[in-house]
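Structure below; questions to follow.
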Amino acid sequence: MARISTVSASVDFEQDGKQTGYLTIPHSPHEDAWGATRLPVCVIRNGAGPTAILMAGNHGDEYEGQIALGELIRTLDPAGISGRLIILPALNLPAVVAGRRTSPVDGLNLNRTFPGDPAGSISQQITAYLSDVIYPLGDALVDLHSGGSSLDILPSAIVEPASDPAHMRRNVEAVMAFDAPLTVVISNLGEPRTSTAAAVRAGLTTVGTEMAGQGTVSRETLALCRRGVRNVLAHVGILPADAATRHNESARTVLEIPGSAGYVYATRDGIFEGAHALGDSVQAGQQAGLIHDIHAPWREPEPVFYGANGILFGRRQPGRVTHGNCCAVVAAPYAGDL
Amino acid sequence: MARISTVSASVDFEQDGKQTGYLTIPHSPHEDAWGATRLPVCVIRNGAGPTAILMAGNHGDEYEGQIALGELIRTLDPAGISGRLIILPALNLPAVVAGRRTSPVDGLNLNRTFPGDPAGSISQQITAYLSDVIYPLGDALVDLHSGGSSLDILPSAIVEPASDPAHMRRNVEAVMAFDAPLTVVISNLGEPRTSTAAAVRAGLTTVGTEMAGQGTVSRETLALCRRGVRNVLAHVGILPADAATRHNESARTVLEIPGSAGYVYATRDGIFEGAHALGDSVQAGQQAGLIHDIHAPWREPEPVFYGANGILFGRRQPGRVTHGNCCAVVAAPYAGDL
Amino acid sequence: MARISTVSASVDFEQDGKQTGYLTIPHSPHEDAWGATRLPVCVIRNGAGPTAILMAGNHGDEYEGQIALGELIRTLDPAGISGRLIILPALNLPAVVAGRRTSPVDGLNLNRTFPGDPAGSISQQITAYLSDVIYPLGDALVDLHSGGSSLDILPSAIVEPASDPAHMRRNVEAVMAFDAPLTVVISNLGEPRTSTAAAVRAGLTTVGTEMAGQGTVSRETLALCRRGVRNVLAHVGILPADAATRHNESARTVLEIPGSAGYVYATRDGIFEGAHALGDSVQAGQQAGLIHDIHAPWREPEPVFYGANGILFGRRQPGRVTHGNCCAVVAAPYAGDL
Amino acid sequence: MARISTVSASVDFEQDGKQTGYLTIPHSPHEDAWGATRLPVCVIRNGAGPTAILMAGNHGDEYEGQIALGELIRTLDPAGISGRLIILPALNLPAVVAGRRTSPVDGLNLNRTFPGDPAGSISQQITAYLSDVIYPLGDALVDLHSGGSSLDILPSAIVEPASDPAHMRRNVEAVMAFDAPLTVVISNLGEPRTSTAAAVRAGLTTVGTEMAGQGTVSRETLALCRRGVRNVLAHVGILPADAATRHNESARTVLEIPGSAGYVYATRDGIFEGAHALGDSVQAGQQAGLIHDIHAPWREPEPVFYGANGILFGRRQPGRVTHGNCCAVVAAPYAGDL
Amino acid sequence: MARISTVSASVDFEQDGKQTGYLTIPHSPHEDAWGATRLPVCVIRNGAGPTAILMAGNHGDEYEGQIALGELIRTLDPAGISGRLIILPALNLPAVVAGRRTSPVDGLNLNRTFPGDPAGSISQQITAYLSDVIYPLGDALVDLHSGGSSLDILPSAIVEPASDPAHMRRNVEAVMAFDAPLTVVISNLGEPRTSTAAAVRAGLTTVGTEMAGQGTVSRETLALCRRGVRNVLAHVGILPADAATRHNESARTVLEIPGSAGYVYATRDGIFEGAHALGDSVQAGQQAGLIHDIHAPWREPEPVFYGANGILFGRRQPGRVTHGNCCAVVAAPYAGDL
Amino acid sequence: MARISTVSASVDFEQDGKQTGYLTIPHSPHEDAWGATRLPVCVIRNGAGPTAILMAGNHGDEYEGQIALGELIRTLDPAGISGRLIILPALNLPAVVAGRRTSPVDGLNLNRTFPGDPAGSISQQITAYLSDVIYPLGDALVDLHSGGSSLDILPSAIVEPASDPAHMRRNVEAVMAFDAPLTVVISNLGEPRTSTAAAVRAGLTTVGTEMAGQGTVSRETLALCRRGVRNVLAHVGILPADAATRHNESARTVLEIPGSAGYVYATRDGIFEGAHALGDSVQAGQQAGLIHDIHAPWREPEPVFYGANGILFGRRQPGRVTHGNCCAVVAAPYAGDL
């Protein structure tokens, strides 16, 4: 069966001005046979020019982007831009409503479902519509993530690797333009099913973020997010150049997560006590923390160790861990060419 | 039916030295007909002297106390104390295993079940055993809490109010001895079903804490917790006086949550963005934050307001809120006599 | 422990005029440690006079009363009444939010929890507050029910039996004043834990209703409900006599459910096909319907039979039945004295 | 992997007479490692002639067709027909057992899984067997639906659109032969994954129905269903022409749901009160109902509006709505050629 | 509130002959507002004589007694008895339907709810009815248990201890009359909330059983159960003496579980491999088995040890264990006087 | 998208000696955004020679193989082998941790997911890695199963049919070498999605087992499993010939499950009482057992019947059955050529 979508948009992507409305996806569960999942969408267009796709709520428990894009919709004057913005502030609407990373409707992590499937579940239908309809309209993508409920991450803008060096440079420059305290290349161990991997395959200039996390709204990273989005829009020429602000010289230094060695996994069940603060320098082989025994707290806790040199870039938020949980993440200087 | 407990202790509360073992509560669910819930317990005793009961894991997702008490068990030399310690580092074991505030076995918040019921559910059997057997052995209680998964709270030691002024002074002095950055009187709006309210009714010198929270392990409050427990033990004469350390002059100033006016509740569903940082001075009537609309992010967010003057003492951790969620908590100077 | 409630009301029950606000019940689950369940409440008072308590949402999936009381709050001019109204349009707030008969918080049917327990779960705390604080303020109670998701019932006003003949007459007259198409005495087989049984024990003139059901909003019974509430208020002297309207002569004939013989239960699993329409005359021993076999639809369906003479007063809404489900309910002429 | 099914039929589709038995689909969950899902099936055959496939229980909470097909199996004399009937009265057996629209086994709406997958979940295996084995045996399909638990729909027979005009005429004539009060073209917004869309792709003359709904068994639509099935069988020549009965002249007028404008979706959470009765004439822009606020019933309810002219064809059954729920459906005169 | 039950019995406990019917307990959940839980009951009476209460399905996954009592109902000729039998083959009906130890309705283990509560949940209402109505009618109780899903137990008849020596002798003699391979005194560590503890408090001659278990139906213990029930009925004089059969001389030797030392609990999570077969002689301090590490199977498994001398009386059925699970149970010669 | 796996192995499949480590599969659920599912793996290699893949925990509640492979890892000296072992003792790690047949992560039976999908859910990613990486390294596969929680099966080694006669002979000889009491050909009704069907398609000499079951650890079949694995390794030349032991002459007689006639399914809900013991001779048409009615135990139970001649090879473990559950399985002499 061809990729025929039943998603309908109440906005006209080619019309000038500011429109708000919904992407309506028919959804037929027990509770609502002829109902719909409706993703809020805003199109702001002013004549010719590039198109930027701005998304948040890919994961429902990552909030700064959702708030920042709502503000942008409320405050941006179409007359002030050149080109077009397509803004999706609650991309994975069921997960946003649930306040969870993953969708309660199909149990999927939307950011592991690209390129989607129009005959699949809701998450797959959303990503199919992005892949088939939205991405082809775009020149650049900004997908705003935070660490979510399970991670606390140094605020940073993220580079999705592109195999084409020119495309890679485009991504790096746009990410540097965001002007986060850190610029980090994250390949998710080569994962091809993410929004940003799919965007790179579609040729878009691609910018990601990790805005702290902890499942909360941070006032500092919310401010960073507001500013970064405008910086990228100025970088791609949709906002005037003077809309950009620059604070973080460190954004010009590129880090990366050095493959699987960058992740410290729990080696048993218990309570994790980390040994360092975010940003501390750490060494491969150094103790990353202790896992305390719940049932026999008089036993010596079990140490876990870093597998790479660098800085502590992320840490597990919940104290309770089970085998395989990610306890710590190290970032190292980017080893590739730029 | 009389309050006859089937809980059995593998430790002898009257024996000198350090013993570790379990409080075994028969539990007969589908998966384990003749099984047991077993709470780790440690008794450290050295001759005559007062008895302090030290507890953590009353709520399963509050971790600093659990780690600190495990360390104390591993490191404390019985010869160094006078009297007795009864240490329960994972009081609500099923909740600790689940990493949740409440027990997955009976759905109860153990800290709303005092005085318990030996013929009730597991949480109620635990609190009945505390009420009937453990509390009568004690002179002082330290119940170590953090903010848990849903709150971020200024690290503080907590006074449970006692109606008897002498008892109140005993509590305040012991709490000041803990030497947290803040000393706060919290009555939980008069809630009589908590561990500390029950301890006060039992005549114990009673110390509570709130060690940050966010469902994580904070290295700073873990250090505070370690130190504070030893400070209280020195205060009550179980550890020598020189085991105490003093860092926080602010611990001598007593605050309180000024009744229901101290709590800011969400007035609609959405995403909460707070207006202030913990510790900021706030005024009654001042805007405490905004609740953003998920489905129509182009609508103006709804403001919520403080109901009391003071400092921002606690804030909601998860960004997602529904009607009635506690978004912010204000602490004010204690209005009672001391 | 004494029945000490931690519920706090933001309205003043003794103040003239119209106030809206909340009954705030602290609730401390995993997701919201210092949060609250907040029941909307309205007090409308104009000088001396009787007090009527008006409630809906006792069961969350019974909607007509909820809408009608919301309208009453919005539209009633305090100057037009004598005495006081205490209006609780969403009594079992968690169940109303869930759109279910029972509370998702504690799994209880609030209407089987009277007299409640201030140290119990949320449903029990709500009913304890009604029993201890609200009912003592009242002269009359109107508790607006519909059939809910599982039943379709002939629209009727319901008499809760009172053992005192004078009290019984008071109840019957107030129910007749409601002017529903039917007036029916329902004892719920002697069930003492309902709102209306508790109200009778508290001496209140008590009126119940059953407004169709099917888990939907019926425009006809919504109109009936609006009118009936005003009729009762006029009857008890809070509204002027001319606020009453009279349409249904049949309201003067009193029926009852004739004990356990009035209920037809499913005798096996399957799909129930009823033999009669609501209002049809039926006889004890007559076939009430058929239960069809799902797995072997070629088998003869199993008949079930009425146990009493009368009219078909209620019927099961969902087609799927399991053993013990109530398939049909018969009402007969009231056999008691009036 | 080729589409190799492990479904086995205990009936012989080519044998004369009446056989009942099962389509057995091996299913290997935790509770039953070597067990099976077994769909009741009946084949009635008498010599040469067309084959009609009769199905119900596609959605488990739509009952009239299930009962009517069970009766047909019990009562039809094979000698009275020419050709063959393949009858599946409980197509989505797990959903029928659950009394729910969707399957509790895989969470899927079977009617969104065509053409199925023999290597997929149970719902997908069922539809794969239909697509690969059953549909190729058929000339005509009757798939009997009702509105289910979430909708109340005007009883009607449904035309699945066919792009081939001759096929479309065949469908329309067969649907008119059913003789429901209404004949309505429903494309489900172009949805290709339904039983009827798949049947049209397979070349079958295709008839659908919507028999009221509300999750109940309606005695009126059950009678309509019994009669309509026989009418269609007479129309296609399996029953003699005089087996048909005609009551509804209105069946000759063809309506349609006019695309996405025909659906009214909830724009916020609350309780929906509809403004019209089924069958009422409505206009685009007219108020379709009100959504009442649960937490602040004193606020004005929010209106929702129709998007098309026509009659109110369907309405939401449950009073409780969340954003995106289908509140109302409009049908308009069919705009295509016939 | 007094203990007023709303349970109604469709059988007359004072009538001669054989009656089958239901104990009907009104139950008002979301799915069935006016429905009922209905426990099958049979009364067989023939003139004067003692009354025996026979129960099975106290735990839903213990099957031999359920089958044996069903057979007894079907086959026993009232003319063959003297006195009365009250037979409840599915005492905890919701658990029996679920095939689980505990009730899916309220999550309770019915056998930990005596003396019940008529104003409580369904399990509590059942046990209140037993305590208040059924037990007062009886002279003897036989409550037929098996090991259930989580245990495999040597088939045995069980003595509930009575503090009165004469009552204890009555119990022991009736249990020996059952003629199981073993006679074992089990106090459940003093648990007062069981059916048999409550029966002893009510003065009844009390017989329990443990018929293997494993959640299955054993043909051998089913035969034992059939025979044992008739043996007890002959012992108490309801059946003639020659209805008894005697096979097991070992039934005359009385064992007991020697308190908490008799139970071996899992000391960590993993997979339990037992060291002995049921019936093997074991010693305190001897290794009872190994717990294998799931995540690091290359680590040495952790041994667990017996705490008492005796025979291996019971063993855990599921291979998977978590901390606190009962892995093994030892029985020793009865240490009390007989 | 190509089959690109993100699974990473911490062991080197080409290195001599014994290595233990993990197959790490990134998994990004709500609770652990950057975490992993980590399957324990062991590679033991000594120079040139064949490669055997040894797996257990394909279903999480089948324990003997898991324990036996853990022991093999701990005890086998690399110097004692020729060639290579790849050992996966907990193949479906999430199911093993849950102690369930199927994965709690995606609800799938891993043994119905071959050839897997690297872009699918965790179970599908595991089987994709086996199909794409592990199987191509192997000459022989031993996949150790037991009956699991729902079945009790005569201990046996299992032949997966191969259409190529030489491959079939290879499989039969390797299975006979295992030396179980029975050798049985099981095609799972042609199911192509199992580990063994996929292994045969990949050309591997393939051995399966069914080691009793009941969800428990049997000491007898654990011993059988230990011995059988070494026998197969000797048979394929990895262990020396004298490492093999032979006990069961019956292993040379080949049985099979004779297609769908071999399975007896429950024809209604109730409690199943089997008529025979495992190993008994049974005839087609003979009564296989009775299904007892729960709600009306006074009704005659419903008999079910065998469909084939042979021996009773497997039986349902749980007493509770619903329609379609597998109650009994018959094995007959193998009818194919060998």
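Residue numbering begins at 1 within each chain, and the chains themselves are lettered A, B, C, D, E and F in the order written.
The definition used in the following text is that a residue touches a chain if its C-beta (ideal position, glycine included) is under 8 Å from a C-beta of that chain, and two chains touch if they have at least 3 such contacts.
Predicted, not measured: the structure shown is a model, and the values here were computed from it.
**Q** Touching subunit A and subunit F alike: which chains?
**A** Joint contacts, listed by label: D, E.
**Q** Which chain lies the greatest distance away from subunit B when centres are computed from Cα atoms alone?
**A** Result for the farthest chain: D.
**Q** Mind checking subunit D against subunit F and telling me if their interface is mostly the same residue numbers on each side, over half, or mostly different?
**A** Both copies, subunit D as well as subunit F, present different residues to each other, with under half of the numbers appearing on both sides.
**Q** Which chain lies the greatest distance away from subunit C when centres are computed from Cα atoms alone?
**A** Here the answer is chain F, farthest from subunit C.
**Q** Please compute the C-alpha centroid of subunit C, do the same for subunit E, then give the distance between them in whole Å.
**A** Taking the average C-alpha coordinate of subunit C and of subunit E, the gap between them is 41 Å.
**Q** Would you kindly tell me how far, in whole Å, the mean C-alpha position of subunit F lies from that of subunit B?
**A** Centre-to-centre distance between subunit B and subunit F: 49 Å.
**Q** With centres defined as the mean C-alpha position, give me the subunit C-subunit F separation in Å.
**A** 57
**Q** I need the residues of subunit C touching at least two other chains; which ones are they?
**A** 38, 61, 97, 149, 295-296, 316, 318, 323
**Q** Considering only which chains touch which, label the overall pattern as line, ring, star, complete or other.
**A** Contact pattern: none of line, ring, star or complete.
**Q** Between which chains does touch occur?
**A** Every touching chain pair, ordered by label, is A-B, A-D, A-E, A-F, B-C, B-D, B-E, C-D, C-E, C-F, D-F, E-F.
**Q** Where on subunit D is subunit B touching in the complex?
**A** Interface residues on the subunit D side: 267-269, 295-296, 323.
**Q** Touching subunit E in the complex: which residues of subunit F?
**A** Interface residues on the subunit F side: 20, 38, 40, 42, 60-61, 63, 66-67, 69-70, 73-74, 89-90, 93, 96-99, 149, 152, 214-217, 219, 222, 271-274, 277, 292-298, 300-301, 316-320.
**Q** Under the definition above, what is the set of subunit F residues touching subunit A in their complex?
**A** Within the complex, subunit F contacts subunit A at residues 1, 4, 6, 8, 24, 26-38, 97, 106, 119.
**Q** Can you check the complex and tell me which residues of subunit E touch subunit B?
**A** 59, 61, 100-102, 107, 109, 111-112, 115, 147-151, 188-193, 260, 263, 265, 314, 316, 318, 323-326, 329
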